């Protein structure tokens, strides 16, 4: 670990919290403009000070940099460990950027109880950043749960008509997942230390600790049985967050009911916590179980890709549609991840960012028109391109990025993922690629129904086009979308060390682990004799 | 510092133009002059720079080798294990290459592209400023994508262009998006193309898996040195998958359906994208990847058969269409069929040759039709036209020339390239290529039939449009007028090329035993991994001439019929009679074999139905079941009744509800009076003791 | 000289009687009496054991039990009076405002 | 064997407290209605002094010492619990003052009863002999019966007392019966001796084990574990709210103290005999308590069920029966005391239409009218649900950890899932406070009373809840040293 | 005759035992609480006899004094006081649940019985002798008990005194018909 600039990481993580407390204490709840200005300022500063991470992170340096470490609860070996690798750096930047945008986008959308609203947004920020920073299981878990609370309120207080239901559903689902995860964590913890006497599980007798890196080091020694159960526990926790196929049902509700900023954060960052958890914890610590699970999770992911896309196609509510598209996109992420090869993992990590940018932007866009019409039904619209050309343009760009048009971010992610998936099994790539087709179908159909055709609905006749603020919420995302689409190399460079280490760990722990390139060969070789015969004559 | 070192500038110029028109001109609504000046300069520069680069390269470099310019590393996917356990890095660079093939494409794409920009200036002049800017930015953007496509040095970069042109065609088809059907057509085009791209992507993956590289040169070498056919199977798979992509882009069966609808776009767009350039991308790609097809008879045959069948199939539909652009559209499909037919016989050069000539005459035809439509104030139905030759002579002459060319009358461009294709096909039959001789004979026959029909429907078009008397009504007749020079100039240029282009580029030397007179043969040969492609004298001189004669005769026959039907009986009794004689056939053709309807009824409707179904499933069952499991973890099995109920009528609120039920059940224990509680305790205690004994004793 | 077993058996029977009485009677007073029965049962046990062991602890505990029983009786009867004042009944099962 | 006065020094706190009880009682008789605040202050002062005495005289200097004929033992565990009880009692008194004033019941008996109960709890916490433990238990129990029925003109209060009393009496009879059997089987009532015997001859003598089980039933009743929880909801709902707050914390802690002394201390060698009972009870308690709480609309009752549930969590520590389990339980007692007292503080303060804010609807829109109060309540609800960074999370974390270490994964899973469920009913209040406006449904919104003392208590609880949540280390350390007195592996 | 002499203790015990049980049954089955009270009285006395049989004379005395003397009178008072409406004329038993209750009681009882019967008791140097030695000196049971009570068991003893005090307070609190005027306006319902 490299402790240089450790303070910076802590500052980034806790600045929003400090801001929230300050706000709570010193800013009058009537002073709406002051509240907005302050919140935005805090988020902006947070973003600005997080930019140095991008430059200071050294790909050839220690695995975890900007680290902080000291005992927190010595009696239990709980430590306060902060530290990030390239992967986390990317996600942190994503978080700070979208946090800023989310706040900036809520100026006019939120008129009621603004003070609490921005306080919760800032708290949420800290929670999310904490998850990406912490390298101690308990610390990780604490942040993981802390972040639920503000999100609950964002949905529940400022959400739509069925907000209560959506909020509690969101909270319960994720909580169930995370508490099971806690059990898994404890099992690992005792396995590393004293063992679980009553079920006759010998421990390794190491000094008790929750430090993630310690578990990296013992990963190969963990017996398969233990790995299986712990993996299961983690899986439920993370899969619910992702969300993977059977656990996704909280997502549409949460998204639909949440206020725009809420949806943006939810889609852009919260979902990433699940995938982050997989990459950071499941894969390196439970390699054996991971390799065994590949088939199942791959199947689930493939199903999710197609399923999400198809269900999205049937939606009448824009936000629901985007929500289900998330299910599909996150399916890609999982697919790439569990291809367990460089391309797959890199793609999947990149796709996390892409999804954050594209879907975040989509929710912003939907929110913008919702703010004007207070209606999200696709049928209500049509021909908007006439009255809101600028809006239509942004929407088009983001649509293209989300359906993976080359030169935009989506393509890079999906392409890399699919190559990775292909090298695992051609079937994966086949299904995945079909997801791309469907993606185009539902997004373009949405675009078609909303922007093209007659401007039939009277209410839409004089909708104002984007104002300057709304544009500024979108421009950064568009820029990033093009950046990743055209020159993703810096991103790949930063995530490369993480990916390599993960793969090394899996390979080190599971000798018979192979990237399954062979069965592609088999299927592809059937025609060989016949073809050769042809050439023979 | 040379032009071809900066080859990547060729796509970049139009990109800049697009950016300007899109971001500045469109936003600020600058006046048209500015807009089209910028657009013209952009595409013009691309043209000049492109030609300069090609010429300079031709004279300074070794043209048998591709000249690759790497701009930057694009995608880096880390080290991967591929076929045979090799470990290679996935490093895809944004790099461009110049070789005979891309030079050829570059040459005519930039040129035709510029002409059509010029043409558009006149054609679109009545659009509002902003839309005008939007149009030109799209057009420039298209140029960028198309040029990337033809200059890209590896599959992914080609794919970028590939998708780029797809996007532009989507945008341009849907240019008049207020019209529901225009937008719909655009979407259709994009999605059908996506289906093709699906194959393309998989092809790329297979290619990487087997060869560890995606650079064309690398692949070429790998296949060239694959002497003991290790990669034969791979070649088949990749070839077929690539061809799936080509089907989409180049509108072959069964994915051709989008092209006719694509005519919804402005006519210059139809000319540029849907006739001259984009749709030929498929052919280009197949030719580019010829090394795969050479190694795989299966793939080759497939290409040939699909091509041939499409050629005839589309032609038959073209016979009876009444929308001038629809006719041309189907003719395009059919011509593309010819190109693939050529590729299918291994005559990639012929295919590319036909691409070029087709760009000339079909571009000319489309622009001509545009001019006609423009002249008739937007009318597209040929039944409402007629006798236009006296109103718009230039258009008429150019149109006629192009028609003759496409009909395959020597020595026009159309004849040269199409005859080359037919000859190669016949030759393939004779040499029993890959042991599929009979099939190739059959394909040759199809080709002939197609030629005849082509001649027929093209002349039908000409007669109905320009001869006879105007059928569009009195006051419409007054408005008919010739188009401005910006429109006619391109027409004339293209018409000229349709006449001489063929002979200049590919003088049919084989007819006179003069090898190497065909420039394009010599020029393109190094790109092709072909064995005995040119100069092969499988066919004797006599037979060569015989073939020529046959095809010409067939074409003339077609023309004659058209003349009988639509020229020398003014009220078209004969065709009507024919239609009544075979009503079914007529209906079938008129309704394009109901393919669209079938597709809509099956695939489209099917998908949507499925999606609806899954949505139901999701909102009811999945939610229900997941919540169900969530609660069954509570071990409260007794609420299962409620659970079923909920799943059935799909209350999403299951968790809370069933908790409620559980909760109420539990609360019943709290009976309310002390003795009751005492009993609960006693029985509880008894139960605990019972458990205890069961376990302990 | 008989051993402790019969005493224990007796006490168990008495204990159960008390328990049953507690559960079946409506009258608060009788319920209290049943409780007293249970305490007595305990005492029988204690005495029997203490004799068998030759140890006084049992007896001492028994004294405490008696005392506590007395105390509980006092409070119980107080409650009865309060109950009677409030609801004008000594029926225990009529105190059932709260349930669920 | 003779007694010398100096032997009584460690017993000073109890003596002082009892005397204080007397004094308060007598003063109470003289000054009826007016005397609430002074008497309460007096009581608190007495408790404070007692705390001081405990610290001065009843603290083990080197290792545990048993005093006065091995009836009591002075060890760190006792100290831990005594201080906790003192704190709880003091806070309960502070919570009561305003409430009593409004109700018009005299404070004399009230305060003195709390003090006497505390004495009883002291004995339970430090008892070294079944006899002393029993009398301590009864002292506490009787006082609490009276406290529950203290508002004798309130039907509910009386009813609660009646039920609690009848069932309590029966259960203590069961407890005694168990003790008698143990006495019969081992011939001693002395915990240390019992432990020694069990260690010497590891027996599965069923009469002995049965004795343990019956004693266990008695204890389970006192900690309100299923199936012996039945008295809890009614007693809690019926009792005057401050009393509810008090009995949900202090007697429960005392009961667990006794529980630990007997089962983790004396019966520890025979753990495999009785563990299964505890396991089942714990599981049942977790499930029942949490689920039954879901649909309660009366906040007091809901908190009653929640306290049943929390007993379940605590029982995990007993089931685990390992060192961690022991100190995790201790820690949890402290955490629970703070968060629960805090929550009840709000129930007391919240008054609607002249009644205590018991109905869940009374909390509607609280966040608009009293943001600070709502925030406080939110923190307590989060803590009770075990969401970090509150003390509640830390408490649960260690208990779960202990259970996992013991290998009771199934139990742990039940517990974690249930703690997720519990969130649902705690958040019903949060929903009312934040997600509803009291205005919308016309009903006159409950108003928040001003009462310095109560507010002080609440603030203390909030601070404690958060501080323990973020820096649990010191408390953990203390709990560990306290639990070490049990001499567990 | 000598049979009698030989088994006197047994005969006495079983007679007394039967009477005790009979009394118990009487307590829980008589309709009229007064009768129950009298039955209870009988039981108490019988139990006292059992104590004597087990050489716990002091305890027997306490039993008679405290129970038969004190508590019983208390009961009778309360019965008189609470003659608000005589339950004996209406339902005495929770007839609806009674069978279940009896079943439960018996069930629990038998389960316990099983445990006891299978179990073994500790044995000491039984008989009265050992119980009545204080520092080796033989004394009367009363003195012995007193001695232990005031030395070893002093603390519980004192605590019990406090218990009695609390009981007193409780009785007063509940039974006092005092002027706790909770005027309806501010009466806090808890």
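Order of writing sets the chain letters: A, B, C, D and E. Residues in each chain are counted from 1.
One rule holds in what follows: a residue touches a chain if its C-beta (ideal position, glycine included) is under 8 Å from a C-beta of that chain, and two chains touch if they have at least 3 such contacts.
Just so it is clear, the structure is predicted and the values come from calculations on it, not from any experiment.
Novice: Applying the touch definition from the top, give me the chains sitting in contact with each of chain A and chain D.
Specialist: B
Novice: Provide the labels of all chains in contact with chain D and in contact with chain E.
Specialist: B, C
Novice: State which chain is most central when centres are taken as means of Cα atoms.
Specialist: A
Novice: Among the chains here, which has the CA centroid at the largest distance from chain B's centroid?
Specialist: So the farthest one, by centre of C-alpha atoms, is E.
Novice: When the centre of a chain is set as the mean of its C-alpha atoms, what distance in Å lies between chain B and chain C?
Specialist: So the centre of chain B lies 95 Å away from the centre of chain C.
Novice: Centroid from C-alpha atoms only, then distance chain A to chain B, rounded to Å. What do you get?
Specialist: Using C-alpha averages as centres, the distance is 35 Å.
Novice: Per the centroid of Cα atoms for each chain, what is the distance between chain C and chain D, given in Å?
Specialist: 26
Novice: Just how far, in Å, is the C-alpha centre of chain E from the one of chain A?
Specialist: Chain centres of chain A and chain E, defined by C-alpha means, are spaced 70 Å apart.
Novice: I need the residues of chain E touching at least two other chains; which ones are they?
Specialist: 94, 97, 101, 104-105, 108, 112, 114-116, 121-124, 152-153, 156, 160, 163, 166-167, 170, 172-174
Novice: At least two partner chains per residue is the criterion; list those residues in chain B.
Specialist: 633, 656, 667, 670, 672-676, 678-679, 682-683, 685, 689
Novice: Could you tell me which residues belong to chain A and also touch two or more other chains?
Specialist: 168, 172, 176
Novice: Sort out which chains touch which and give me every pair.
Specialist: A-B, A-D, B-C, B-D, B-E, C-D, C-E, D-E
Novice: Touching residues of chain B toward chain D in the complex: what are they?
Specialist: It is residues 633-636, 656, 659-660, 662-664, 666-667, 669-670, 672-674, 677-678, 680-681, 683-685, 687-689, 691-692, 695-697 of chain B that touch chain D.
Novice: Which residues of chain B touch chain C in their complex?
Specialist: By the definition above, chain B touches chain C via 667-668, 670-676, 678-679, 682.
Novice: Can you name the residues of chain D that touch chain A in the complex?
Specialist: It comes out as residues 367-368, 371, 382, 387-389, 393, 397-398, 400-401, 404-409, 412-413, 416-417, 419-421, 423-424, 427, 431, 434-435, 472-473, 476-477, 480.
Novice: Mind pulling up the chain B residues that touch chain A in the complex?
Specialist: Per the stated touch rule, the residues are 26-27, 72-85, 90, 130, 156, 159-160, 163-164, 167, 170, 174, 177-180, 182-184, 187, 190-191, 194-195, 197-198, 201-202, 204-206, 208-210, 229, 232-237, 295-298, 434-435, 607-608, 610-612, 614-615, 618, 622-623, 625-627, 630, 633, 652-653, 655-656.
Novice: Write out the stretch or stretches of chain B touching chain E in their complex.
Specialist: On the chain B side, the touching residues are 675-676, 678-679, 682-683, 685-686, 689-690, 693.
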